[in-house]
Amino acid sequence: MLKNLPLFPVEGSTGAHEVDALYFYLIAVSAVFTIAIFICVMVFAIKYRRRSPYEVPKPIEGSWFLETLWSVIPMLIGISMFVWGAKVYFDHAVPPRNALEIFVVGKQWMWKLQHPEGNREINELHIPIGQPVKLTMTTEDVIHSFFIPEFRVKRDVVPGRYNNIWFQAMRPGTYHIFCSQYCGTQHSAMIGHVYAMTPDDYQNWLAGGGDQSMAKRGEALFQQLGCSSCHNLDGQGRCPNLRGVFGNTVLLRGGGQVIANEAYVRESILFPEAKVVAGFEPIMPTFQGLVNEEGLLQLIAYIKTLSTRAANPSVPLTSPPRGRTTTPAGVPVR
Amino acid sequence: MSDAPATVTHPAFAHQFDNLGQQRDVAVFGMWVFLVTEIMFFGGLFAGYTVYRSMYPHAFAIASQYMNVTVGALNTGVLICSSLTMVLAVQAAQLGRNRVVIWFLLATIAFGLVFLGVKAYEYHEKWVEQVVPGFNFHIHLPEARQIELLMVFYFVMTGMHALHMVIGVGLLSYLIWRASKDEFGPDYFNPVDNIGLYWHFVDIVWIFLFPMLYLIGAHLPRMIHE
Amino acid sequence: MSTTTLPPPDLIVRPNYLNVSHGLKSWLLTKDHKRIAILYLLSITFFFFIGGFFAFLIRLELLTPAGDLVSDDNYNRLFSMHGIIMVFLFLIPSVPAVLGNFVLPIMIGARDLAFPRVNLLSWYIYVLAGLFTLFVVFAGGVDTGWTFYVPYSSLYANGWVVATAVGVFIAGFSSILTGLNFIVTVHKMRAPGLTWGRLPLFIWSNYATAIIQVLGTPVLAITLTLLAVERIAHVGIFDPKVGGDPVLFQHMFWFYSHPAVYIMILPGMGVISEIVTCFSRKRIFGYSFVAAASLAIAVFGFLVWGHHMFVTGQSIYAGMVFSLLSFLVAIPSAIKVFNWTATMYRGSISYETPMLYAFGFIGLFTIGGLTGLFLATLGLDVHLHDTYFIIAHFHYIMVGGMLMAYLGGIHFWWPKMTGRMYPEGWARFAALLVFVGFNLTFGPQFILGYLGMPRRYHAYPPEFQVLNVLSTAGASILAVGYLIPMIYLIWSLKYGRIAAPNPWGAVGLEWQTSSPPPTENFETTPIVTEETYHYSNEAKDFV
Amino acid sequence: MTAHEKHAPENPAAARRSYVYVWLALLALTFATTTVGKIDLGPFNVYVALTIAVIKALLVMLFFMHVNHSRGITRVYVVAGFFWLGIMLVMTLTDYLTRRWPSPSSGW
């Protein structure tokens, strides 16, 4: 019977329990207040029902004590909810360093996913259990929202930027993927499944599908688009050498600096003039329309590998690394 | 109902009020509440502008160099003059000098039309320079996209302002018609007063638009090629 | 003529606002706030049933997991038009434009609103907005949802986005003009002796609502203008391809649309304050706190809009600020609920229909308000955002709260508006149906939401079916609950008992004039000498 | 409380004179902001331009729109209008100005 009438979603991820605990706290508080109000209303309505059409009750003005009491107590409870809720939110804002990164591109009306090893899927996501997984997400068209109810995670997928979520599945199983931000005709068909598997099964699955890693594809794209003709990887040309750039601070022309993260690389490909590296002219053409969102993610994956193989700190265009190093993408830590 | 029999005979007196004083009080206050909605209406544009300017300060500075600062300043002056004639028209209406009211209103309309004419000239200039987003936008600077963004705000903001001016000119013409019937005097000049408030408000909007759109990049070396 | 041929005294028709003149023209050109209220009543009822019909089709579609009743495009249009019509053409004008228009000037002892012509203009503007919306409905609809999120609405949607935006823009001006009129009227037109401390709470809450209407609505107008410009001229304003930010649209949209939620609920709270005091025959508990809470909601309501954007990629620090402020804005609402409950303590409570609706309101609003806290909680909103939990939450506020209050108010002031009593038995029965049907419709949706069923889904996984069937069953009961009052209220116009000037034994100026009131509301301007809700043994002629 | 909203000073000639003074001040400020706008003051260009604009707006409101003579409630609404505009700007910027802030590295 309960199979047909689920009342509570499975706790599929390590983070789910914390969200549920918070949920039960709020339910408990709500139940107390709701029941109290209902009982008061019912008891008063019956006990003080009008017994004669001419009766006039004694007026009561109000009470500062009660007003203060029932302002301050809800406020304190509210603040406790806020603190707890903010803690849960912040704890999940930043993915762990060792997270396995998978890339998501939303599109009317499907989810396209790529694994660093090169496996590509549509509306399906295979992940290993017991391992943090970070999704880096963007969209080709409108706003979507990536939602896995069993993991209690959701994030809008906004055009023009990379939003992240992360989770760690606890046990093998199949879970829902929903698009939860309305996106047009087949919004409700933009659904899929997460397949959480043991690490061994996951390795087998990976071996079965991938032909070329994302970074390799990115490298091919890098050649194909002609990036390599200017961004000489062996020295300094008219364009910055991209070795060792990713994850480090870049000094900008006209002052200012920026950390070269996914968003910066993306912006530099599509809107090259926006943040030009100090010491270079804004001569790079835009690649908007020449490379799609998936290709961009592959290029980013490739550029990331340039920083992890042989970072060359002497390259003048970047300042020394600032302690913060990035996860070697494509080489998931196990 | 007949607390103030003297004023009830006035043709403009409305039945829901006790006397003309209350009627005038209500009219002015109502106008101010309306102007508050106008503040928020333009405020939405200001908020969008502020966000994008904080994102792209450099591109906005370049884009503002497409504006003709001298012409903009001149137009600001024209609008200030129209505010002066407007406030003088209100005063004349209060004194019951309806002939004078008409002359000052005509002057206000004239200044308003000059402003709109200059604005049209500026729009034409933008068309020639091919910086009209959506219709005729061809510039080849690296920052072209963000320049387009500012130009969109330029046209929406000044367009909304110009629309308010056009409505204002219409309202002023209506006032002239009523003044020609010798309707205004110390007891009743609410329409002149209220439309005056509206006109001054439109002036204030321009007072902010001028530095926000024209003066951002005026101090920087010329960055666009003619 | 001998005295025996005179009709019985209660059939003598005194001159009132209804019989003072006749003919369509006398209605369409009226400047009487009471007649304009009736015009509003007719037009918003029309749109309520259109919006309700769409809602019913939505529920029918969701009876089965597969999308089989209507196509996906049509489903999207149904929920979009349902939202747009219900929010902009029903909920926002409901209590202020109908009940507020009718009783606010009488309650403060004025002959009319400050600007009667503006009042009529606001109705015509409303009608114009309604015509635009009807045009959109018949031309094929719009499928953006009532939230019009970019870039979907500006670049991808293929419905009548601009026409709808124009309709909403126009409806906004109608709302602004009503608010403006109320603000000026409350400030400048009160009867002698009616100080701010003596104002009925219905006035306070409508005044607070008017502040939101005046300050918030223009921002929606300019936001929709920008949307229309982007769509028509194909320029980027919010489009990331030219460096715009779609999240900015959401900021601007919710700057209005969150406070708009308070436009929809505050006047309802005012109605409840009137009903609870009248049928408890008692002064409201903590008058100044309830009044101040209305203003506090109006002000703080403007500071919390970011809680609609916790998962959009808004800065997490901004999210924290908005979350904390959202908890603070819950306090004034809680204060109101506690005070209504306390008002009943040691009262003299009778169970006429308006009071039944008030009971329903207090209960359902409590649930709606508390579930709002779930959504203000950052860590929990991530899971609940854009699921059926949200749908259930805001329907508990909008339908369980505002619509209950509206129906309660309609019954409460029906004798005053029409001079006739509604049939009490049927009305109680309908109120019960509405309460049961409502809970059955929206209660299961809380569970569906936590299970993860997203909103605006045309088809859904089969395991959600049982709860959806329950919800649809509830909607059927609810629909009957709304149709019954339509029938007996119309019936009562001709066959209802003639209403006395003060059938409930209520205090308040509107009960001191005849039912229905004369055109200028009072024979002589009343002078207020005592506190509001002053129930005492002397001087009250209870029926 | 008088029934009339107080209006311009009683003496019409004095009022006219004050209007002309305000008008001259506004023209001077327009000239000033245009001139200063062409000098490079770094980030201060913005502040100077906006300060002058605020002064001009205040002059128009106080003298041409008679806020200096108007009732308290009118002033309250004028101030409220600008205050709400401030709410919109500040609260929107809480998002945009903190987006680049570093994320908390772990927990609190």
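A few remarks follow.
Each chain carries a letter (A, B, C and D) given by its place in the written order, and its residues are counted from 1.
The definition used in the following text is that a residue touches a chain if its C-beta (ideal position, glycine included) is under 8 Å from a C-beta of that chain, and two chains touch if they have at least 3 such contacts.
No experiment lies behind these values; they were computed from the predicted model shown.
When every chain is reduced to the mean of its C-alpha atoms, the one closest to the centre of the whole protein set is C. The pair with more inter-chain C-beta contacts, choosing from A-C and B-D, is A-C.
Inter-chain spacing, taken between the CA centroids of chain C and chain D, is 36 Å.
Note on chain placement: the centre of chain A and the centre of chain D lie 42 Å apart, centres being C-alpha means. Mean C-alpha positions place chain B and chain D at a centre distance of 15 Å.
In chain A, the residues that reach two or more other chains under the touch definition are 87, 90, 93, 271.
Shared interface positions of chain C, defined as residues touching 2 or more other chains, are 187, 215, 219, 243, 245, 247-248, 251-252, 255, 316.
Looking at chain D, one finds that residues 73, 80-81, 84, 88, 92, 96, 103 touch two or more other chains.
Chain B contributes residues 58, 142-143, 145 to its touches with chain A in the complex. Residues 67, 72-73, 76, 143, 145, 149, 151-152, 155-157, 240-241, 243, 245-247, 280-283, 285-289, 310-313, 316, 319-320, 323-324, 327-328, 330-331, 334-335, 337-339, 341-342, 344-351, 359, 362-363, 366-367, 370-371, 373-374, 376-383, 385-387, 447, 450-452, 454-461, 463-467, 534-537, 540, 542-543 of chain C are the ones that touch chain A when the two sit in their complex. Partner chain B is touched in their complex by these residues of chain C: 110-116, 118, 176, 180-181, 183-184, 187-189, 214-219, 221-223, 225-226, 229, 233-237, 242-245, 248, 251-252, 255, 520, 524-525. Those residues of chain D lying in contact with chain B across their complex are 2-5, 7-8, 12, 15-16, 19-20, 22-23, 26-27, 30-31, 33-34, 37-41, 45-46, 49-50, 52-53, 56-57, 60-61, 63-65, 70-71, 73-74, 77-78, 80-82, 84-85, 88-89, 92-93, 96-97. Taken in their complex, chain B has these residues touching chain C: 1, 14-16, 22, 25-26, 29-30, 33-34, 36-45, 47-48, 51-52, 55-56, 133-135, 145-146, 148-149, 152, 156, 160.
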